[in-house]
């Protein structure tokens, strides 16, 4: 009973009251047709078995007709009598006497076998599967590492994860989310690593989703997130199995959804958005350098436009003599105040970026030339925008794309706007208050009980080994604290083969 | 009042809490004040003040130790009865709000002098208070996290001050005993006030995990670090500015930074003041928290975040009033009197009472 | 939820509507790069402002604009100048402050108070005294191909490196200004034809200009103070005999390391004796006369150089005493270590300083000699 609940759990039971299967085949067929509103792709095929007339009802769009042919019709034709369960070669087969649930089964890709005079219906799973090939996700490529990615089919995704962790403690739980769409959602975690409190919390939150449709994981993410008003995402979305598996092994939890290739990873900290599998495939010094670069780009992308406005409009005396003269000669002729310049350029950049995503690929080349030439060069030549402003905006844009996760990229760029406004009102003080505000917000944010800005706040020196820089793998003896996993030690003295004096001659 | 383990802060965080509550705006003008009375021995006054504060912390700790899971607002009624206890509690709230107001107004003065001359006072106060209220609404754990991070700015300040040693002239502090011990002790009295802030121990004592000695160690360590920091800054200012010029410079540290110039940026004092905002805000947040904790307990059934806007409003009005130098002086003197009563006098009396009548936690 | 939104909007709009009060747009600024102060005949102040402007097109270089105003105080003159030019006069990037000789003979603190009071002023500007009038020097506008203010600034900087002039800015003389026990020394500029000569120093006492030091003397002064630049090159005549041709009589050396020590001793009758020890390690740059690998030669040269340098030091100190300029800070030493003596002497410190007995002890040692002997 429990398993049944877990397999098909929903808060509200189907609207139809339970009804017994009719003995008459015609009545059953009519009932099913009515409930499916006489959909044109509802098909039936009559068979004869055990000297009785039977009907196979299925949706031709959802069922694999070959399967029906090979696994149901052929065995039934060959052995004209016997027990049905023993003859049918399908893997999933069930019996039911509740007529009202038959339409739901049919819509899920099963076919129903009805026999004249029998009040039992057989449900056989013959769903068709059209899956695309496993390929590297377009937006999350790495230079070195696995190049496979999740696809839209849930079972394949589960395969990709299970193949990497061949351990009985990897648990999968199914949910059906969305009242009407009944999307199949899977929750994965390591039983001996993940915190039980966390699992209970996630379970409770998923069960309380009472929306009609949940098409994308983005919906689910918004429903179970702690703070949807914050700019910062609290759930990591990824299409890469290796990333998901790495987080699983640290005690986190993954949610996979049928029909979408993204996996949700929770709980995550801010720094998880700046980690990429790339860091771990190369040497640790190189990985550390790149990671530091990413964090520095984050700071650059948020602060540089605001700093420029503060310096040029409020405190020009900060610049040394030769620099101030260079800057002044370039901005002398510009008619706008710096804040207006900055806003115009940033908005233009966002428009360009968005257009670049929507364009058909053939037009893409033209637009990039137009964007670069027109916006960059001509606007400056006409004296509408100054050169330093263009440089600042370009630098900001590039720096914001360095973050491996798309959500943080956009968050960074949007974060720059209020800082610019504050800079234009109060100068450098405004920026500092803005930064303080953001820091307070980051301190407050908690994702499923773990502080968002760990391990900087609260400060844990041990966890810093894998945050700002990456220490060698053999020195990361403990798992990070923030998912509060049950087992903290993850390795011990893996380089035990190294001795003081070499045994070789 | 029991507090779940989850919302407690560690002792290290307590130390940073104390550090951030103590460092406000007073340090900026401290060398000037000390030099006026104690001449070259100003730094000795600072050390003496630190020792005095240590003694006061001991008194406060002894009092809090009797009631380990109560903050001052909840154990006051236990010692002196409900009515008197709540009345004294309200007086404490008033003192905390007043302190917050003076810190805020001092900050607005410095900012208005050095950076934002034309911005009206209310705009700056509003900006600061908005940010502070945003933090005060949270529980102690969140505040402690931010306090730890903003302590980094103190390290930045130390590093920046080290640049001054290039032009230092050590003869400015000699003769050390020029002012005599009497003046040095008098100046120590002046140095006591930039160090206040450790009263936060009274309010967050129950939120700290661990045993009593650990808490005392954390608070004392915090105080010691800050005393060292202040002494260092006072000493640096004394050797950079000659005794003749110090009276005309009321914020020696910032003035010293103003003269530096690096290759790419000049006007380091501006950068320094912008970073200083972190420290001032945390001090204001600490005072506000002390006040709202009491207000919340008295009026809002323990929810201190509802009291935050009202407290902020009172502080805003206080800081707006303090625009003339005469009113600022008045506030200064009032703070001194309040400090002696509420932080030294009252706890001592309460401690004696609690021993006399054997009022402790667990004893009715 | 609604309350939050509403209050947020009110705050935001109130900020925006009121505007940005402290804005100081770089676009609207006319940058002053140099200032000069002179004394007019009727006792008023003649101020000169050198403004650097942006070029018309990208190809041409920057241009200068010189404004002269007459008024009572520096601040008033600044306001007057602001009225004469378009946009706003801003002085936060000022590089040099030049004071004419006559003006410097009166108290210069009255001119500089404004610099110290303004939070936006450039405290790292160089300060110097000009022979004649600063306005004349600044009216050169250009020296060669370089604008005048940049030329002077760079010249002073490079002379500081060669220890020809002392390294001072407005900021560094501020503590010394109000200190009764020390006086400051600043560079002294002379207009020679179309160029600027920066090689001397001007001595001050009680903020008044009291005398000048020649090039070598000013180098000595910096060495005695312990503030040496990167190099300090002196050409000294070593051979007093006749007969040898020109360059053979001279030795040019560079002072590599100098360690000065000053000790103030009080003798009977409150006579102040100051013992100055100066150990110089030098490297020879030019000496065609002899070989330097013989110990005898080196020792002889050491003795000669020691004598000459001692003479130079004595000359410098005498000049300073005559100008009543306590550049080495003898008074400060008294205040710090002999306060009772200072109490007695401070009333008439000017004349008491002239009675101080300086005893220099110089020791020159040749350590390097280049790649030939």
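Chains here go by letter, A, B and C, matching the order in which they are written, and residues are numbered from 1 within each.
Simple rule for what comes next: a contact is a pair of C-beta atoms (placed from the backbone, for glycine too) under 8 Å apart; a residue touches a chain by one contact, two chains touch by 3 or more.
Here the structure is a predicted model, which means the values were calculated and not measured.
K.L.:
Please work out which of B-C and A-C is bridged by more C-beta pairs in contact, and write that pair.
P.N.:
Most C-beta pairs in contact, of the two: B-C.
K.L.:
Which chain has the mean of its C-alpha atoms lying nearest to the mean of all protein C-alpha atoms shown?
P.N.:
Closest to the centre of all protein C-alpha atoms: chain B.
K.L.:
Among all chains, whose Cα centre is located farthest from the one for chain A?
P.N.:
C
K.L.:
Roughly how far is chain A from chain B, centre to centre by C-alpha average, rounded to an integer in Å?
P.N.:
For chain A versus chain B, the centre distance works out to 46 Å.
K.L.:
Based only on mean CA positions, could you tell me how far chain B sits from chain C in angstrom?
P.N.:
The computed centroid separation for chain B versus chain C comes out at 42 Å.
K.L.:
Taking each chain's centre as the mean of its CA atoms, how far is chain A from chain C in angstrom?
P.N.:
66
K.L.:
I need the residues of chain C touching at least two other chains; which ones are they?
P.N.:
Expected reply: 15, 22, 122.
K.L.:
Among the residues of chain B, which are close enough to touch at least two other chains?
P.N.:
115-116, 119, 123, 261, 266
K.L.:
Could you list which residues of chain A touch at least two other chains?
P.N.:
315, 317, 426-427, in rising order.
K.L.:
Per the contact definition, I'd like the list of chain B residues that touch chain C in the complex.
P.N.:
For this pair, the touching residues of chain B are 113-120, 123, 126, 130, 167, 169, 171-172, 174-175, 178, 240-245, 248, 258-261, 266.
K.L.:
Please name which positions on chain B make contact with chain A in the complex.
P.N.:
Residues 10, 13, 111, 115-116, 119, 123-124, 127-128, 131, 134-135, 138, 141-142, 144-146, 148-149, 261, 263-267, 270-271, 273-275, 277-278, 281.
K.L.:
Where on chain A does chain C make contact in their complex?
P.N.:
Per the touch definition, chain A meets chain C at residues 312-317, 321, 324-325, 327-329, 331-332, 334, 337-338, 424-427.
K.L.:
Can you list the chain C residues touching chain A in their complex?
P.N.:
15-16, 20, 22-27, 29, 31, 33, 52, 54-55, 62, 90, 92-93, 95, 120, 122
K.L.:
Of all residues in chain C, which touch chain B in the complex?
P.N.:
11, 15, 18, 21-22, 116, 119, 122-124, 169, 171-172, 174-180, 182, 329, 332-333, 335-337, 339
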